[in-house]
Each structure stands twice: as structure tokens, then as C-alpha cells.
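Order of writing sets the chain letters: A, B and C. Residues in each chain are counted from 1.
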């Protein structure tokens, strides 16, 4: 199907070449090529089991590729994984929060691990941003799902990374948390961060993005800039893409 | 140093977490006490007969079993809450995670043992005067180091298998035999004040060698367990 | 090529084993005190040595797998561990027979026998570990790490167990056996024969593993 690249003049901040991943006998990713440029907001659609989460996990260094190369922010994912990690923030349905620590302690821990400068100020700033400063010294165990997700957003923002990976971030969010996430993303977009989003929500996904891709059967079977997409017809395009075997 | 700062950040997190729940601590402590009591019924005698040799063995079996409890729990926590991934997202060498876990485990096990040793002496040793507690502490520390060093690696392996907790003792016991032998033998020497302290040196050597070798090997191979 | 290789090893195994049996039963003289049962000693010694060789191979193959990530090293390690356990089981069975004749007890915590037991437990653990992990890659990695740990613990175990025994000297002393020249020949013949046998079994085992892999691959291709 159609494949198109972006046409900004700067060099890509994420470069994926021939990425393959096999778990035991199952080939999940079968040769992914991707170029993401600074300031891009790429939304990746795909059915369950298509490999979206695996792709993001590999890009976040949580999983090693079977073959192929990935370069993020100039760092190779195998040789310089720590370099890659400091360039990215991950938000997914896992909150990555320690339930027996307070909100403050959680942020302080991750802040130390990412060597965030002026940590105390940053924590206060972020807790205000996600509207949790009144629960600063409460155990995360006592938080509702929505609150945990908000704190998780704060956690991801700690080190002010240039790149964000969002793995179905809206799933499980209550209305309040959704609003906060929207606000945060808008702010970050204005600051020219780069985003990779995976989602099932066709409408939301197209709304926020600058480019769209569809992952099917372990390869990117469709890719186009937002301008070329007609939101009304896109669901049909999508269905067609995932039907083709 | 950046590396050490991050190691201590992880240790601090584990300690704060444990202080809140005291989950590990209480279960290990109660387990050791129960084991000591049960062993007394199994082996104990009413007479003032010399229980020293037997006592030493009882103590270390109790410590070993309690250690397995503690070692298992330390990774189960991370894995169950998905926090292991959170840790792996941080720009820190996998070996630092290993060191931090070893230090954490060492602290937890040592505190439990520190509390239970006086009780042990009370239960099993008739004549406690003149016991060289300094050397006893050294034996305990070196043994714990060995237990933590290899135990942290093996528990990381075992919780990632189908058998989970059950795999740990299977992997752990054959490997920890030298520590068990050394700890028991040297403790037996120490617990009888009249024994010359030099008898202990050979066993301390075994412990030191063991600790160095398994700290090194575990440090080098830990990352292979975490990768996916 | 492989087939010729295999036949050569099979022939060697046959020849060396025949010679070893001859040497053990006919060539070597009958031992004075223990009589014919003493002859099991030759096989026991040979059996006892092979596991250590097998587990050394496991360790080396494990290191090679972790550095090179080629499946063949994992197959070698798995095969070698299994065969080592089989031989070690035989050691633990023949050992008590030897002990009964030499010392009157079926089991004694004599250092070498005890070490063989611990080693047996180590590699049973290795095999159980492999069985407890489903994914190929994960299984190979975990097994490789434990393969290295287990082998490194063998000499330390041996040392500790030996010192454990010498500090409380054995009530049963070893029957300082004098080995005549012929007996020595029998002993070495046996060691060589069983080593060749190990190599034969290892080849077979790795070949079976290989066939399994190919079968799985074919199944996948047909399936999809």
C-alpha cells in the first residue's frame, strides 16, 4: 500500500531500519522502516496483536530487536541504550509507580534516576501541572486509577525528554485525566517535542497527529501525512489495510 | 559518582517501601523464630547436653530458608506492579540494579538475623560467656553476602520461569552448599568459647573466595536475565 | 560428512569399550581382598570422570551462547547436561555397590561421592530450569547463566565438602588400593572408553535436537 515519507529538511530524530522481532516462533515485527523527524506527531494504528506495543517497547529499550537497527536522538538502541533512555519518556497503561511510596517519593526516585536538575522545584511544578499537589505526600496505593495515570504523566515529564512514546494513553483515563493529558500534549507540541502514539481511537489519533501509519502483520502497510487524509473516509482505508493479508 | 548515586537511589526506594509495609521483614523474622522453635521440638533435649553442633546447623538452616523468602519477594514486588519496566526505562546500567538489589537484600537479611541471634543463643546455648561475637558477626556478614550475591541472581531467574517461587530453592540449595558448610562449621567453633579462633580462618577463606567469585559472576551475567 | 563422522565415533566407542571390558575383567588381575566385585571400580572411576567433562562443556557452551547467540551452543549445552546427569546417576548407583564392598556401608558421606551428589543436584536443577521456560531464546539465556554458575560452584563445593570431611575425619578409611600396572591399564582403558561413549551420545543428542528444530520450522511454515 501507499508509503510516504515526511518532507521536513532536518534529519530524522528516530530512524528504524529493517526492524524484526521474533518471540520464540512467532514473528511479530517483520521489517519495519520508519523515519520520524523532530516535531512530528506520528500516530500508529493497528489491530490487536499487530505489534504496536512491541514496537514501542523496542523503541523504549525495554525489548531487544531480533534484527535491524534503531537510532534515537543519534544513539543506537543496542550500543547506547542509556543514551536512548534519557531521550524518551514513555506513557502507557502501566503507571510504573510504586504503590507503597508517596507521589513525592515516586517522582523523587525517578528524578534521581534520570539525574533531573533542580529536582525539588521540578516535582512541585509537575504535581501542579497534573493537579495532584494536594496529594503530594499520600501513598500511590490510595490513588484512583485516573490519579495514578496523572501522576504517571508527571513521571514521564520529569526529565523533559525531546521524544515521547504514548502507548494507548487514553485507555483507562477518566475525564479529568483525559483533559489534563490533552493539555499537556498541546503544551509539549508547542515546545516542538516529538511524539509516537499508538491507539485504537481513529478519531482522536488523527486529530492530534501530523502523520499517520498503519501497522499490519508486522509491517507498516500505510503511511501518510495528515494533510492527505480525509477523516471521514479514513475508517474505510483502515479496514482495507488490515484486511489485506 | 553518577552510578553509585543511582544504586543508592534504588536501595533507598526499596528500604522506604519495606519500612512502609514491613512485609518482608515480619515474614522473615517470624519464619526464623518459628523454625528455631520447631527444630527444638524436633531435635531438642531437656538435658544440658551439648547442643552446640546441632544448634549451629539449626540456626543456619533457619537463616537459609528465611533468606529464600526474602530473596523471592524482592523481585516479585517489582514484577507484579510492572515496576521492573519502570526501572528498566531509567538510564542506568543493569549491573547497577543488581548491586542495588544485593545491598537491599543484604540489609534485610542482616537485620532479621541480628534480631534472631540473641534469641537463638537464649534457646540453644547454655554457656554464652566468652563467645567472640565479633567473629560471629563477621561469619554472618560474609555468609549473607554470599547468599545475597548469588541469591539475587537466582531469584531474578526463578521468578521469570513458569514455576516461579518453586524454582528458587531448586537452583539455590546446591549452589549455596559451600556457604552453608562454612557458616555452620565456623559457627560451631565460635559458639564454644574455648575453641581457638584460628580454627575459623579456613572457613572464612572459603566464604571470602565464594563471595568474590559469585559477586563477579552474578554482576556480569545479571543483564542477560533482564533482557527480553 | 556428518554421517561418516558419526560412524567413526560409533566404531571407536565399540572398540574402546570392548577393550575396556576385556581389560577390566580379564587383563587386570583379581584384587586380593575384595575379589571380583572390585572390578566395578574401573567403571565407577570412568563414569565419575565423565560428568565433570560434560559439565565443563556445558559451561563453555553456555559462555559461547551468551556471546555469540547461536542456537547450536545452546543445543550442545542442553545435550551435554542431560548426558552428564545420566552418567552421574550411574555413578551414584555404582558408588554404593563399591562402598558396600570396600567399607560395608551402602552410603557414606565420603567427599567424592558427596560432591557427585551435589553435582547431580546442580544439573538436575539445570534441566528443571530448562523445562520451566517456554520461549526458546529466554530458555537458552537462563540456562546459559545457570550453566556457568553451576560449573563454577563445582570446585568450590568440592573444596568445602572435602574440608568438612577432614576436620571430622572419616571413621571409614579408604582402602588404600595398590594399583598394579595392569590395573592401571584397565582404569585408563575404561576412562577412555566412557569418554568416547559420552562423545557418541552427545552427537546423537545434538542431532536429535537439530531434527526437532527442523521439524518445528516445517510445522510453522505449513501452519502459516
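Heads up, the rule we're going with is that a contact is a pair of C-beta atoms (placed from the backbone, for glycine too) under 8 Å apart; a residue touches a chain by one contact, two chains touch by 3 or more.
Since the model is a prediction, treat every value here as computed from it, not as a measurement.
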Distance-maximising chain from chain A - centres being C-alpha averages: C
Closest chain to global C-alpha mean, per-chain Cα centroids: B
Mean-CA-position distance for chain C and chain B (Å): 32
Computed distance of Cα centres, chain B from chain A, in Å: 40
Chain A and chain C: spacing of chain centres that average the CA atoms, whole Å: 52
Shared-contact residues (touching 2 or more other chains) in chain C: 134
Interface hub residues of chain B, defined as touching at least two other chains: 227-228
Chain A residues touching chain B - in the complex, by the definition given at the top: 60-64, 82-83, 85-86, 88, 90, 94-101, 105, 109-110, 112-115, 139
Touching residues (chain side chain B, partner chain A) in the complex: 2, 5-6, 9-10, 12-13, 16-17, 20-21, 81-83, 85-93, 227-228
Residue ranges of chain A in contact with chain C within the complex: 23-25
Residue ranges of chain C in contact with chain B within the complex: 66, 118, 121-122, 124-125, 128-129, 132-134, 138, 141-142, 144-146, 148-150, 152-153, 156-157, 159-161, 163-164, 167
Residues of chain B defined as touching chain C within the complex: 150, 153-154, 157, 160-163, 167, 170-171, 173-175, 177-178, 181-182, 185, 202-203, 206, 209-210, 213-214, 217-218, 221, 224-225, 227-228
